[in-house]
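My structure is below; once you've seen it, I'll send some questions.
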Amino acid sequence: MEWGTTIFYVFGAITLLSALFILFTRNILYAAFSLILTFVGVAGIFVLSGAEFIGVTQLLVYVGGILVLIVFGVMLTNRVKGQKVVSPVYQKFVGSIVGIGLFMLLMKGILEANFGAMQWMKTNEQQTSLKRFGMTLMTDYVVVFEVIGILLLVALIGAVYMAGKRKGVNDAS
Amino acid sequence: MMPVDHLLILGAGLFVIGFIVVTTRKNAIAVLIGIELMLNAANINLVVFSRFDPDFLQGQVFALFVITVAAAETAVALAIVLKVYRHFKTADLDKISELRG
Amino acid sequence: MIQGILSYIIFLPLIAAAVVLCLPKRLESSYRIVTVVATGLTLLLTIIAVYSFDGGIAENINSEENLQLLEKSEWFSLDLGSLGSFSVDYFLAVDGISIPMLLLASIVLFIGAISSWNIRQKKKGYFALYLLLSGSVLGCFVALDFFLFYLFFEFMLLPMYFLIGIWGGPRKEYAAIKFFIYTLIGSILILIVMIGLYNSVYDPVRTGAEIGVTSIEQVQTMVQSGEVAREDIIKSFNMIYMADQANYIPGSLLSQMSGGEIIGKSARWIAFLALLIGFAIKLPSFPFHTWLPDAHVEAPTPISVVLAGILLKIGGYGLIRTAFSFFPDSAFHYSWMIGFFGVFSILYGALNALAQKDIKKLIAYSSVSHMGFVLLGLAAMTVEGISGAIYQMFSHGLITSMLFLIAGVLYDRTQDRLIENYGGLANRLPRFTIVVGIAFFASLGLPGFSGFIAELMVFLGAFKSSAVIGAIPQWMPVVATIGLILGAGYYLWTLQRMFMGKYWVKKAEWTERLKDLNSREYLMLVPLAVLVFWFGIFPDTLMSLINSSVEGFTDLLNQAIR
Amino acid sequence: MKEQSNIVDGLGEKLSEIAGDLFYLGPEVTLAITIILVLVYDLLFKDKKEVGIFSIGFVGLVFALVISSFINAGTPFGGMFSLNMWNLTIKFLLILGGVLMLIMASRDQKNINRFGKSGELMIASLTVIMGASLMSSSTNLLMIYVAIELTSIGSYILTGIVRGRKRSEAALKYVLFGGVSSAIMIYGMSWLYGFTGTLNISDPTFFSGLSNVPILPLSIALVMTIGGFLFKLSAFPLHIWSPDVYQAAPTPVVALFSFVPKVAAIALLIQFVGAINTIDFDWQLWLGIVAIASMTVGNFSALWQKNAKRMMAYSSIAHAGFLLVGVIAFSESGNLALLFYAAVYLLMNYGAFLLISYFEKQTGSANINKLRGIGLDVPWLGVLVVIVMIALTGLPPTAGFNAKLLIFSSIWESWQGSGAQVLLWVFIIGLLNTVVALFYYLRIPYYLFFKRPEKEIDKAKLTSIDIVWGTIFVIPLLVLFFKSDWLVDFLNNINFVL
Amino acid sequence: MIELQDLISPTDYDPMINWILLLLGIPLLSFISSLFIKKNAPIWSTFLLLVNTGIAIFMAFSFWYGDSVSIKGVWFTLGDTVMSYSFYLDRLALLMIALVNLISFLVHVFSMEYMKSDRNKPRYFAYLGLFTFSMLGIVLFHNLLLMFIFWELVGFTSYLLIGFWFEKKTASLAANKAFIMNRIGDAGMLTGLMILFAQFSTFDLEAVKALMIFSEIEDGNWVAHFTNNGQEVMNSLDGRWLSAAGIALFCGAVGKSAQFPLQVWLPDAMEGPTPVSALIHAATMVAAGVFLLARVFVLLDAQALEVVAIVGAITAFMAAIAALSQFDIKKVLAYSTISQLGYMVMAIGVGAYSAGLFHLVTHAFFKAGLFLCAGIIIHQLHKLHSDEIKFNEQDIRVMGGLRLKMPVTFLCFLICSLALAGLPGFSGFLSKDAILLNATAWAEIKGGGYYIVIGLAYASVILTAIYIFRLVFLVFTRGFRLESILNKPGLMDKVKEGNLILLIPAILLAVGSISIVFGANVKAENTWFMQFITNPIYLVPESYAAFSLVDLSEATIKSLHGWVAIVSISLAVGGLVISYFLYRPISKKALIFQDAPEPRGALGRISFNHWYQDVLYEKAIVKFIVIKGKALAWFDEKILDGFVNGLAKTQVVLAHIVRWFDKYIIDGFVHLTVSTSGRIGQATRSIQSGNVQTYILSAMILLILLLLWLMI
């Protein structure tokens, strides 16, 4: 086994274990922090898969952005006064059954599909450059890029507006 | 390199874990965490496949946008959670079920 | 003859409806005048139309040449790409089958308008809806484009729904909904078949124009042999074309040649059954009749009159015009069943009528019984049977209108319809009793009244059927004669309980309210009675109109069966 | 496509191509600009912004509408979009939906406040329309995803932004459900990418890639992907969010929800099934079941609803099923029928919501029970309601009937052609559903006319302009019944260009 | 090959049509005008009838020797089938119009007095006019359909007249009964019409007869060959339909002529005014059945005729038994009528066509006479009614000794009774003798069990004599029993003979009952009637005609002639003697007759209750139908409608299920599973709808399920 492969598995294990921790912990804060670990694991996989930019973005946006949001959200919606921020669990049984069923289904799908043997994947893997990535983003996907801009803008405005304490469109009801 | 299938199974596992989190956690924010896990699972797939698509890197681009959108969505979702919290004084979803039928 | 007379007939009530809507509330009392005048003019126009109708020219029911007073212009034509294009025509005409129905409808609507005279609440709505109903009912009988027909057929439901639901009796909502749902199920079945049909039928004239051939026969042979490209075929809603098997696109599901199947059964059979059920609900035949007693009992008198007098006939007319014309082979295949349901309805309705306590319910069940004759006559597929079915529809329309008016007369005075609450009314209301007697005896099929002629024809046709065409066995009409006896039974029993014996009513205060017929009531009842007599003694008045069309129709059936 | 070795070469070419293609996205660009303008206006002025915001939004939308009718077919941005006359018409309808929503909103002071006090609601609405408009023509999975998200986020905001306990609850449900749905969808998309190596569904490699995949993984991927579309369509089984959201959201917004994302999703589905047709996956069967289930579940669940808006939500689920019928027919005529249906659905649905908003204005609630006897006080409005409800049921003499006729005719034709049983069942069950639908659609006129009013209601609140607008929304339903060829010919002309 | 159109094509103008129209028109005018002119209706309508009678008698005399006249025309067309009408005047018709008009006229006259005090007189006379019109219609039209129409009309008029005093519940019920019983018969007759029409495409009797000749039995099928408009027609039915046609037509007669098993209506019909009973229920309407049988006689095949004969004999016997023990004078006469009608029907059945008709005519006279006499008695006794004197004036237990006070009536009654009993010198003897002669001959030919049939006929002879003289003795001899019942001696003196208006019709009818009217010969076949109205030629396809009428009339009859007469006379005399011993003025029975209870013995009860037929019908059939109707109504309301409502309910339930599905499968599938897996505690806490996570979960489950569906 090569080094790279080992690291792959290490990151994979980190991801999976931390995700499982999220699944089993009741404390949301723990979950949130465990999520960091998951993200890091995923970011590692990204980097190892040749998507350094995505990996970095993953860390920046998720760890730096989303997670902070989530933690703030947890703080704001739970009166954290010493006690644990617990999220109770319910319909565990059915949820797990469905989840496991889904997993089996996906497993079976993956194995049957045999992605490794896909025709288009015959070409050898190549390292990609950030430059190419940027070019693609700004040429082929420029529309998406712009649209994302609008999306972020709107989401931002909306989020700010809704979260704002006294704001929100007035309504009698 | 890790075989593609293993990574995909990892993705699937993450997806399912995320799904179970979504369906079993009462807290709305925990549900959001679950959704993030599911999105990450998809991202893993995308990036993995993108390895074989060096010309256009579509998978990577997709993953990038997923991350971005996820951020936006989380922001909106959290804002809504806060709003709900103001009305219901809780973020437990089983208590937020006045609309039904 | 007036050009476009049929359009006038349909649109006159609709325009009048608009007029009623526009009249201000302070002219409230004029609504009914407008209504009566409009329906009266419609009747006049209809009579002119009937007068100008030549009963002798029909040769073949499925060609446009035998139609009269024809008005046909393209309404719209849609090009549906891969579905090909189809055209919907504004196509009105009458033949011997529809002209009696048109006449009946005009008469009954006029009488109904008079009978609406003392509607007291929400007059504007009532009269506007009544006129809308009138327009659509009349339209139903003259429309020969399936789309147009379906429009009128459906459009009838709404005014009816509101007329029963707003101006009805205590359980009006229930009755209105029940009526609507039942009929709607029927019309959905019809719609299903309609979609199938227009996808299977082409318009030879327009298609000919498309490919530059003028002779219809030539177009038909060309289409049948597949020489015409699919996109040149123009589909049609034309009911006359649908009745000609040569106008079915080869390979289409409902084409007789291609023998399409649905779930292993002939598609034509299934389509026929769908139409049959659709119209049998309207007719109504056992076991689809249960909406009728409720609707009748709850509806206000004029609406009962229109409902029983005309709307039921649309069921029978629809069967002739669509189900039997389009799928004669299937009709033959199912004739035993149709005949059986006819006979069963006759007996079932009569026995039910025997047990009724409410006079309106009794009349309603008698309608079920009488409409059974229509089914029996149709199932016979002989000239006599089908003429009888048409005659029965016409005659039942008049008689049952009379019966409901009678029930209305009583109800107006006492607000009570229970038979057991009256006795010996003949002493107090002698003239009314005479009218009741005429109506009852007419309804039970006493010779001299139109009902007898109709039932006789049905019997003759049904009995002949097995020998002539092999449709229904001889025992059916023989068993159906029991219906005559039961009919006498329930009518005479009712007559005896309500009108004979010592005068007695349940509540003393009714006595002073029980006055004999007033002049408005005479105006409604006497003409009906006279007509019932007239058509019982001079059947040729009507037969001369319908004979040749019915012959054409039976020829069509015969050809298809052979 | 360009040579990979020399990336920078041809960049200029590419950029100019992009600039040239920009016109194809004229409506979207216009909407984006409008969004910015509203935002700027909102920031610049403090009070009495109603007129300004409304007029900017309105002008923007109308401008987009005009532009959308000038665009030609094409596949701009390297096949990211596939514009043909068909989905351009859809686009036109979507934007028209926006215009009509603004008109509807302007009929009620409450809604004027909601939209006008501050720009967010307007911005979110425009976003929804923009997203939907992108959705309707995109052929790239990424673009599809982003467009759907754009629509979704706009919708979440629209649902949640107006204050109210119920609204916030609905918004939360919406956002969580939506989040999961989109996660499922992109998971499916990621597989599709894995199968084919391309995100462009109009690319031949997409199709050829799918052809070699075993049925199970293929089905999983397609079902998950289409699942995301069904969420926007609010079709079974991803319809569950919609009643809650419809009940809570402001009426004009609900009208928007019930039309714009739905029809966009239908357009998307048409593109998508076009790309996956004839591979192993029997999408017709699958969508057929979905359509049947949507119609049935929608109609049956609507039966005993007490809230008119909630009822309309179920109605819209059922209509999603009816729209799906057009997709399943998968033929030229099916597409035409869909266009017709969409146009009519726009009219009748907006008409219904407009009238509901009137009654809401009168009685202060969308509760059907509150409508007792009003019909006799405002007869003309009552008549309009009857017409709309009849149209929604699909009975003559309303265009709803023609729409159903066309759409079911097309499925009949497809069935005749292919003989697939599911099409027949869709046909029959679909039509029989009409009967069920009648039950609840008639409940509104039933309460309006048959029930005794509980108390005297204040009629002064409705102005004659309200009535006129109601009439304007409703009368085309009648006109299009009697002259449906006007619309069909118009649509046909468009199709011929295609 | 015979051409149908030739048979039914309209005839040229024949002046006879005017007479016919006049004949039909005058009674119709009487009907309509009586309703309007109110006050003078009785005299006016009587006058009209007099005119009509004049015309009828004039026609009978002037056309008697001419050929039969047939006038045809088109009534309406049905498809290409011409529904023709046709009048046919042969001697039978002429005789009948004269008879009907004459008796009707006499009854009109009688009624002027009898109904004097009734305020509904105009209505009464109108009805009589309508009746005469319809009866003449039956006689004049020679087309089965039109005959059927008038046939029903006659029944309808009878309904009106029986129910004339509709305030009496019994009267209205009797009217109903009469109409319905007639309807049953008519339904049968209609079946006959259907069969004949299916075969021959016409109702014209002449045409039917002509076509019948050309019909054949081929392989058990009854095939009619003819051409219609030049097109060859071959209508074929199973051979049994030929018999069925005959029996079906006979059903009509069974109803109208009160034959077993439909005869029960006639005794009840006595609720109508007595003159009506005389006219309708004795002389004319009930005879219409016999007339019809005579008209279609040649179309009846052997089986049908056998049924006719047997039914006739049974009826004759049963009714004669019933007449023995009745207390109501009109009821006795009613049963007597049934019995005599049974004779006539039997006569037709045994092939004694002319004898049967002969009996029809003689019976019309003496039975109408008896009824009118009874009417006089009832009318006169009715006048005794006062505040303290109340009794049933129709009950023979209150009568007695009226001979002294009402001699003319007595004489008339006696003559008619003698005629009824069939004693020589009176008309009844001639006709009855002719019938018995033919019947005996018939039984001779057929042999075996058929002797039972004529046995019944002979038994009826003696029974007839017994019951009618019982009546004579009890009504007219010994003292007036009402005196002793009411304890009011001298009441007898208040009884007066009827006035001339009442008496003259009775006298005329009595005179008509003397045999001299029909010829001074004791042999029936020598009367002018039998000379002129002879048996027709039999037309039914041969294999279905079991015997030849010619044989019957010629050979056998001659050999039987003597002793049949002797037997019948001795039976009649025997009956008279028995009656005398039982009811003679000083017999035990007569002495205490005022207290006579209802008979108790088995035979007596059978007789008094008319074989319990009414009870049977009431209990078995009517109840059955009513219960059936109720059950069906229940079925309709509860089951069928319930089913539909059930459907609606199912829809609701389905809606609930779907909603439930939405809520519990989509929401609660989860919970369900939860609870089944033993976590009920948690489930109760978590069963909450509106939870977005269950939404998501269920959506996913459904997606997976849909996916799996695809895979299967």
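Residue numbering begins at 1 within each chain, and the chains themselves are lettered A, B, C, D and E in the order written.
Operating definition for what follows: a contact is a pair of C-beta atoms (placed from the backbone, for glycine too) under 8 Å apart; a residue touches a chain by one contact, two chains touch by 3 or more.
Note that the coordinates shown come from a computational prediction; the quantities given were computed from them, not determined experimentally.
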item	value
Where chain C and chain D overlap in contact partners, by chain label	E
Chain occupying the middle, per Cα centroid	C
Top-ranked pair of chains - ranking by C-beta pairs in contact	A-B
Whole-Å gap separating chain A and chain E, where each centre is the average of the chain's CA atoms	99
Interchain centroid distance [CA atoms averaged], chain A/chain B, Å	6
CA centroid of chain B to CA centroid of chain D, Å	26
Centre-of-Cα separation between chain E and chain C, whole angstrom	37
Multi-partner residues of chain C (at least 2 other chains)	181
Multi-partner residues of chain B (at least 2 other chains)	8, 15, 18-19, 22-24, 28, 31-32, 43, 48-49, 52-54, 58, 61, 65, 69, 72-73, 76, 79-81, 83, 93-94, 96-101
Interface hub residues of chain A, defined as touching at least two other chains	90-91, 94-95, 98, 102, 105-106, 110, 115, 118, 120-121, 132, 140-141, 144, 148, 151, 155, 158, 161-162, 168
Touching pairs among all chains present in the structure	A-B, A-D, A-E, B-D, B-E, C-D, C-E, D-E
Interfacial residue positions of chain C with respect to chain E in the complex	178, 181-182, 287, 290-291, 293, 348, 351-356, 383-384, 387, 424, 426-427, 441, 446-448, 452, 456-457, 459-460, 462-464, 467, 474, 477-478, 481-482, 484-486, 488-489, 492-493, 496, 499-502, 538-540, 543-544, 547, 550-551, 554
Footprint of chain C on chain E - complex, ascending	75-81, 83, 145, 148-150, 152-153, 156, 159, 163, 166-169, 171-173, 175-176, 179-180, 183-184, 186-188, 190-191, 193-195, 197-198, 235-237, 241, 625-626, 628-630, 632-634, 636, 640-641, 644, 648
Of all residues in chain E, those that touch chain D in their complex	651-652, 654-656, 658-659, 661-662, 666, 690, 692-693, 695-696, 698-700, 702-703, 706-707, 709-711
Contact set on chain E toward chain A in their complex	669-671, 673-674, 677, 679, 682, 685-686, 693-694, 697, 700-701, 704, 707
Complex contact set, residues of chain A against chain D	105-106, 108-110, 112-113, 115, 118-121, 131-132, 135, 139-144, 146-148, 150-151, 153-155, 157-158, 161-162, 168-173
